[in-house]
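Labels run A, B, C, D, E and F following the written order; every chain starts at residue 1.
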Amino acid sequence: MSEVKKFLYVNRKAPYGTIYAQESLEVVLIGAAFDQDVSMAFLDDGVFQLTKGQDTKEAGLKNFSPTFRALGDYEVTKLYVEQESLDERGLTLDDLQDIQYEDEDDDYAEKPSIIVVSRAGMADVMADQDVVLSF
Amino acid sequence: MSEVKKFLYVNRKAPYGTIYAQESLEVVLIGAAFDQDVSMAFLDDGVFQLTKGQDTKEAGLKNFSPTFRALGDYEVTKLYVEQESLDERGLTLDDLQDIQYEDEDDDYAEKPSIIVVSRAGMADVMADQDVVLSF
Amino acid sequence: MKFGIVVSEGPYTHQASDSAYNFVKAALAKGHEVARVFFYHDGVNVGTRLSVPPQDDRQIQEQWTALAKEHDLDLVICIAAAQRRGLLDQNEADRQGKDANNIAEGFRISGLGQLIEMGIQCDRTITFGD
Amino acid sequence: MKFGIVVSEGPYTHQASDSAYNFVKAALAKGHEVARVFFYHDGVNVGTRLSVPPQDDRQIQEQWTALAKEHDLDLVICIAAAQRRGLLDQNEADRQGKDANNIAEGFRISGLGQLIEMGIQCDRTITFGD
Amino acid sequence: MATLHTVNKSPFQNQTLLSCLQHTKSGDAVLLIEDGVYGATKGTALSDAVTGLSAGVKLYVLGSDLAARGIDVAKLGKDITSVDYAGFVDLVADHDRTQNWL
Amino acid sequence: MATLHTVNKSPFQNQTLLSCLQHTKSGDAVLLIEDGVYGATKGTALSDAVTGLSAGVKLYVLGSDLAARGIDVAKLGKDITSVDYAGFVDLVADHDRTQNWL
């Protein structure tokens, strides 16, 4: 495809209470086939989507959190997470899943997909896009 | 009907952005036929439902705000409005519709249906109910 | 004790109908009576038989239909809310001149009076919504 | 300029589909192109022909169908979101073994790829949701 | 004549929990469900406010919704009790009315 | 390379407007629509916060949503401009991208 656009998927909502987080991921996975420059933003309650140890069995819901770890296989490797959003919610990077991708330009070395940025840094990421889709 | 219960309809959401305010009113109108002891509570963004001068024509929505003035005809005469919620939103009683009912025990004198209460007073109203329905 | 349940949001989009389902199951398991489940607002969409959720996800409508069958539950869809949202039984389809209906087994369509009646007759009324 | 529109909430329950409709009309009136309207999440419910809103209220589905006819708009309902929520055309009903369909005239069902393609091809993408 | 209140929204996004707590009476209980469970953890920007507004009120949280969201019970604020759906049913039965803050 | 942000939720109920304003860049515009228009009035518990976070940002509000809610334009905060849908379309066209805060 001749034109490559910068797509940002903005995730500001917690998982499970509403479907937006899950249906956002479905867009990202389909979108990966289009060879665009894809980033995901996690801020506000969106950072809750990435927590590890989610166990939905007793609640009777579908656990979609393992899908985040598969994003690297779809070449979705830039997951921007806002530091202030983590802090306000009492979370650290240790509370989040370890999401990695294989860097084909570096002998397939495993590298972290999560990029922690400040609020100002997140604003810079947002301002650098062609298409911003919010969930 | 032998049993009379105290029903409270709690309205905490703004009108038009979502349908809850409108469909709450539909419940109240139907419920009026059941001869229960009915009150309505307006707090948080619910106080916005009662503002006067709503004109939905250009927005293409249905203006349901005149229905509040008809509540008296359905013998729904206790509309509790929280003072703190008004204050936070920069509203006074003058910004609300003048909603009245005819008191059949007082020679059909027109009396105001809106009862402004403090937050503590609203908590007292809530604690004095048999059935609380939230919208 | 006699419980009445209100479900105010649609399936999958909100967790409300899942929470209500879990609550009803637990109440029945404890020997309580669930006199009625009243579906209002987008909750009416729980009662469509046309949904085809992913096979690895829970089947919300089928769960309710099965629970209603097992415990003879009264699952009532509000007619006014259903009309706005396009949820019809055959009777309503005929009345409105529509060429199809989409209600699932175990649900019935009725008026808002059923909600008030539920509140009057039940010891507790609990709403699951947004 | 070429606009792509996303509608993410259902009719009446949220104002989103009304706002999108007003925006599309204004964009067309100003001579812009609206390349596609993509209905996602509960937005798929805008496309049911079975709704019967009160006669004194706006008829949201009919408004969209009429606008699509007048301006040859491409109204696309996401297939994955529609399956969860019970919005089907005849083709999907046949494929899923369902005995009815409920899609309205002027809408078509297609995949999420149509959303991405819209984002790529349009100068601006605007979402109306919750 | 005590009330069971339920709250199902994240307090980081929505004011509902704070409004609920400001309308409780001494002896009431508040049960956090669905996204409301995020209000039950300690060490957040809101935990002091939740604690401060909860005097005289018993706080509960639905365990299955905690687990779904990956929140360990060790992260709960003190005096917050995790219950299952059977416990939820008991709370409804044991209070005179339920007020669901939507 | 400026952005048009839209916000459609009441700031008294939901944190979205404040989060949006904290992520704007100088030269951006924020358009309040639907229940978001409640963030545009002066003399509220939030008007100082909105003003304080809006430095370098142009604030707009959708007039038809103001009218639907019975808000007189005289109640708007200063430097907040009311536009119609045609103005909304122009704002989208005149900025490089639109970010809708949902």
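Structure notes:
Heads up, the rule we're going with is that contacts are C-beta pairs under 8 Å (C-beta built on N, C-alpha and C of every residue); 3 or more make two chains touch, one makes a residue touch a chain.
Keep in mind it's a predicted model, so treat the numbers as computed, not measured.
Mostly identical positions are employed by subunit E and subunit F in their mutual contact, as over half of the interface residue numbers are shared between these two copies. Centroids built from CA atoms put subunit D at 27 Å from subunit A.
Subunit C has its Cα centroid 34 Å from the Cα centroid of subunit A. Centre-to-centre separation of subunit A and subunit B, using mean CA positions: 43 Å. Chain contacts: subunit D has residues 12-13, 15, 22, 41, 54, 125, 127, 129-130 touching two or more partner chains.
Counting partner chains per residue, subunit A has residues 12, 16-20, 44, 59-61, 131-132, 134 touching two or more of them. Touching of two or more other chains is recorded for residues 8, 12-13, 15-16, 34-35, 64, 84, 97-98, 100, 102 of subunit E. Pairs of chains meeting the touch criterion: A-C, A-D, A-E, A-F, B-C, B-D, B-E, B-F, C-D, C-E, D-F, E-F.
Considering their complex, residues 12-15, 18, 21-22, 54, 56-58, 130 of subunit C touch subunit A. Residue ranges of subunit F in contact with subunit A, taken from their complex: 1, 3, 15-16, 19, 22-25, 28, 97-102. On the side of subunit D, the complex with subunit C involves touching residues 10-13, 41-42, 45, 48-54, 83-88, 92-93, 96, 98, 100-102. Per the touch definition, subunit F reaches subunit B in the complex via residues 8-10, 12-13, 34-35, 38, 41-47, 63-65, 67-72, 75, 84. Against subunit F, the residues of subunit E that register as touching in their complex are 12-16.
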